[in-house]
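One chain, chain A, appears in both complexes that follow, with chain B as partner in the first and chain C in the second.
Showing the complex of A and B:
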């Protein structure tokens, strides 16, 4: 039951490498044999010498980051990438989505499909495909979207989960909003679920929780990898009947993204403490879950600075939109608990109907996955994957920013010259407006 | 792209061979050779016909269209043909016989018989199969609420079902791979003799079953890939059937009525005889009375006797196969597909049924009136006779 990871662009390749590394490091302990076996089988295969080789394909339009990821993996001594599982070119995509989607993607389609096909065929059973990319640049976003489209064509029945890293709001790339809008609008039709990490949020976690002074992309990537790892490491689900789930992507998608208009997922996890403080920290499930619940409701991603004033609206108030302004309504949630005494954790707080929309009961909207094995050195940890209004504001501002630029047709010529017309932009805007509207009305 | 006739004919032969392999794999005993299919298209002769009769009988027995009588008990060819005809009638097939055995087979294939045979055989061979329960009919509320929340909920549920379907499909694929691996690994040559003969016999049996199952599934997959060619060829058979002058002549009976099927002939004739007899008798009785009611009755009877009795129109009932094509929902639309519109003078099965029902109602009504008239008449007669009282039942 394997997941094939497709790492796209600079960000995708960096985060992907960190993710696989943290998954394997976590699964190293000899005592947890079942989890180790399940985790390794999911993300790695063994070559003829018994070495662990990642079930991953690395794609970028320039070679630098791919080479770095490959060598970093090899240096760990625990695993490596396949020798021929990567594809790169000499020149990047120039932060241009159209260049990635219309030029580079089609030009290298066959090579990429062949690489993925080889990995898929090595799997006894394919659980699904995990495509990792950022949305700000040109390769991750443009080529990544094109590759997702190809994967959807070639594997129509497989589950495809896209992990996206959203850029800093202040702007890493001047046309990042255009790239983001085009990516999201296209992926919404292709992907089964879109799991999002925002650089701004993760940056805050690094600075306020982890006390990192000079935050680099490596730190940000490490937090993303930890959160993603806590979702993807094997767990016991309601369907898995006492064994570690063999269908992680399918179960995640089925629990959270059954409605075609609601596919945006966000992740919160608790606790997040610096490594140095780990020894001095003790955690209890009631406290962790109480904090996590409030983080969900008040839409904060950190256990510090939670607004405890935000409450679920009473039944009578549900229809009034103003009072529900700061309350984050969820469509569905998956709570993943890992660690000691996990079976004694009381999760009733997440089954409150007030947290959810009126048309889905908490029984259908809420699922719990558990693993008695701690993750990544946290004695107890809880991760919440949420399909809620949490991403509404950043999405709205992203679309708004793109629209403002589009209104004056700024930089549009750079897209039209590669084959993306103004109609394509307008289509993307309208589909995202539909998504925004759907989430706004979620009650 | 021009393809030579020879190439097409070779392809067709291969496709029919695939079909024959599949039919044999489903456990059918009397599968004709591919060459016989070609011969059947042009008439075939008695030997070929016999083979197809046997095949059709076998298929129908396996599918339960007719009761399962052991072949040895069938009293010769006539009995066999009656059995087959009865079975085909039940599946909705009515046509002339001589060249239509092939069309009859095509009909059965198109109506899902192949899948039925396949499922039966799989259930026989696969001991590990958990028979899927029949789909539960969830009772939907009679009035579905149409507010946006309900619509959203329905969309969610549909999405959830779709995801479940994909998950199940992937599980099925994995299971198939594992089964294949097991069957390959446990081929008889590689099975080492175990300590107990019984267990090794059982193992061998299981191996054989699994091998047969794999062969069956493979044959079915091969068939599905080339099925389209077969239906195109069947089109040509039907075309040949239509344009064949010999056949056309034989379809028109001496009395000018269009051909009908074996059973329809007998039934129709009986019904016609009954109807012919009916007005004649009543005509005789009706003339005796002239009561006002009777006039109505008599008039009615008179009218009836004068007018042509409402005989079952033979022409509409003589449907021909070519007037309707069995359309399978799963088969791709064949190029020559003519849909279900009847040609002039032909009737579809449903229309014939409707006509028969109407006639039945008419006859029942007439019978009722006749009974009433008879009773009235009887009462009058008794009334005229002294010292007699009629106590009607």
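Showing the complex of A and C:
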């Protein structure tokens, strides 16, 4: 079953291109033909000359980035984008969500739906749609939200997973909090699951783990592509009965998003080392899993600086939120293991009921996917996709910042002139306060 | 890429505009070695095949044949426009882009706005339409004018309101030259206040420039270049006041000052014309810097003012450039932003500067700059890879800061001095369509603008508590 990727705005198009590239490179590298075939089928189709063409649609309101992504893909010699699978305009959305959502989105609705329809029809079976975008700007956020809404209308039974990149806290766009709030509130009603990467976190991984001195967006995007790739590359799941899973998005959503109020997913990956050090590093499953588990509990995204003091509360304490500050409660987790000796990896640590809220049994809350094929040159690697309180703090500060600005009505006229009213803002704020409250109460 | 149209009105507007086109050509010539009509050029110039009778513009990518400026020139006297048409820039403008008359506005806003405004309305709209039609995707109108006279001030603001009427979705960025206190036009306070109201109501963004600041900068550079100290010789064409390397040879009296304003326009449009790693589109400027519709006056400051000719002297450190941008000597209006409140600030960097340099300097400068409580992170940044001629990097800072209120208050004082005595009022009231209420309304518009800035200022330094969040009923 195939996944159609919809890349929206500058960020979506840049990350999307790197994601597809790293998935393909990894599949070609590995020795197993079965994995390679499954991966290629999932994300690419073959044209009449046998060339691999991505099952992807590129959308932006200005042409520069799309042109770059298309030529980068072509230069690789291994794959390319479809010649007519892109759409752009001349003038961007000016960092304005309302401009993207109310003006550009509707203006180009038919063209975009047509492009997606063509890709969907080319799939034998559609596993679902992956929409990639950022939340800080105008196009990715505004047009991206509108397009997600259209896709939901046109494909009501398909899985839609939105991958979002959250901006640096010290912004480069002054109104980024507004754009983020409006995007998240709307997507919550439309999307099946929202997978988030934060620029700040990824930046830290680049500087502290990968030792990169002058970090560029290309470096950041390559880490995101690696983490996302390790989730989406085919794996053996409990349901797939010995063959590579054919429904990655569906399995992800059903494993993690059992309640409509809880859709925010975060990703952690271990190990993350510079390519140069790989030859000198050796990893063991017990060590990797121990670190990953502690990363989950203490809400650290890197294997450096983990707070080993944080422990899950004992059963008796759970009703009194004593360790509310530092302990990260999960609703559900999916652990994906790839590489050597994967069947000997002991994952019982993640089935501890203390890690989870009380509604689901650990058997229901925790799933493991495995693949004996190493991913992206790491002999052993583990990725955790988590529906937990991990994103609570950044979400809260995003909403808080936006609310403070809104209290003064600063910049609101820029949105109202395109059709977003103060009521719309208030609705978005209340939806997100609801989400924050639900995650806070997760026990 | 998008296009912009420059509308220059009045003597000052046209003189500054002329310097802008000269320096723009110089800048593009510096960068465009192959003579191809590229996207960057097309944002301000049309490429015309003069052999064809209707001069259809060529598409981007072809050779440069004949560049025409995307401009409309308006003046109610012929002197300045004629001079342009006799100079080396004459080929850049054709007659459909010009609108002139003979008698001038007599330094009278009412004559410019009401009399000429209604007489030439159709023609102005027509010429603007034509300029807009030549554009594939018109993003912005740049209006250049002065506030103190009659044509630039009166007719210029009429053009502004026509732009809003006819092209409501196109951004309007206005560069306004404000008169100094010792201005030789007696009625300049009247003209300025009457024009201010129009700017507040119809412009998206205003870049106020004070003559006095320009004079000070010119003095500073001349002093520097004549000081004769070793290692202080300035590279001629790098000075922000220099027109060296442009087409027009001999330097005229106001040229030095006008070059500064021309450089301001070049820098603000650099990201729209050239590639960069973090592009800042013109519509993003208004979006990020204007939190409330009427508070759209942005204090510009430019650095560096010059580069030293002696290359063995190490060039001023990059960080120094950022510090300078926030010093009073580099501002184009005389005001004190550091002791007032920043509502938002944009940094447009040109040249070989990395994101990490930008972030580092923002972190460094933040503690000394007071920002309004709900916009503590109120920085908008842009990186353009092409530096200006003669420099390796440069910085334009646009600050939306409450310090502009002092400028406006001084202006109001000069106005009241005259208005109290009803001095010269009859010249205005004799003009058809002009009434006393225009004066009182303009005054109250300015006063309420000042009041809005005052209210924001009052929050400065006070620890504003976070607004109480919405509570979810459980």
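Methods note: the second predicted complex is superposed on the first by the 441 of 443 C-alpha atoms of A that agree within 3 Å, B and C clash if a C-alpha of one lies under 4 Å from a C-alpha of the other, contacts with A are read in each partner's own complex, and residues count from 1 in each chain.
Throughout what follows, a contact is a pair of C-beta atoms (placed from the backbone, for glycine too) under 8 Å apart; a residue touches a chain by one contact, two chains touch by 3 or more.
On a predicted model such as this, the values are computed, not experimentally measured, just so you know.
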item	value
Three-chain arrangement built on chain A, chain B and chain C clash or fit	fit
Which of chain B and chain C A:414 touches, first, second, both or neither	second
Touching partner for A:434 - first (chain B), second (chain C), both, neither	second
First, second, both or neither for A:125, with chain B first and chain C second	first
Which superposed partner A:240 touches (first chain B, second chain C, both, neither)	neither
First, second, both or neither for A:359, with chain B first and chain C second	first
Touching partner for A:258 - first (chain B), second (chain C), both, neither	first
Which of chain B and chain C A:170 touches, first, second, both or neither	second
Inter-chain angle, chain B to chain C through the CA centre of chain A, in degrees rounded to a multiple of 10	120
Chain B or chain C, by number of chain A residues touched	C
Partner chain(s) touched by A:208 [first = chain B, second = chain C, both, neither]	neither
Gap in Å between nearest CA atoms once chain C and chain B share a frame through chain A	10
Contacting residues of chain C [partner chain A, same complex]	1-2, 136-137, 139, 275, 278-279, 281, 283-284, 286-293, 343-344, 354-356, 359, 362-363, 372-375, 377-381, 466-467, 469-472, 474
Of chain B, residues touching chain A in the complex	149-150, 152-153, 155-160, 162-164, 166-167, 169-171, 173-174, 177
Contact footprint of chain C on chain A as seen in their complex	64, 90-92, 94-96, 169-175, 214-216, 399-401, 403-411, 413-414, 429-430, 433-434, 437
Chain A residues within the chain B interface of the complex	124-127, 157-159, 192, 247, 250, 253-254, 257-261, 357-360, 364
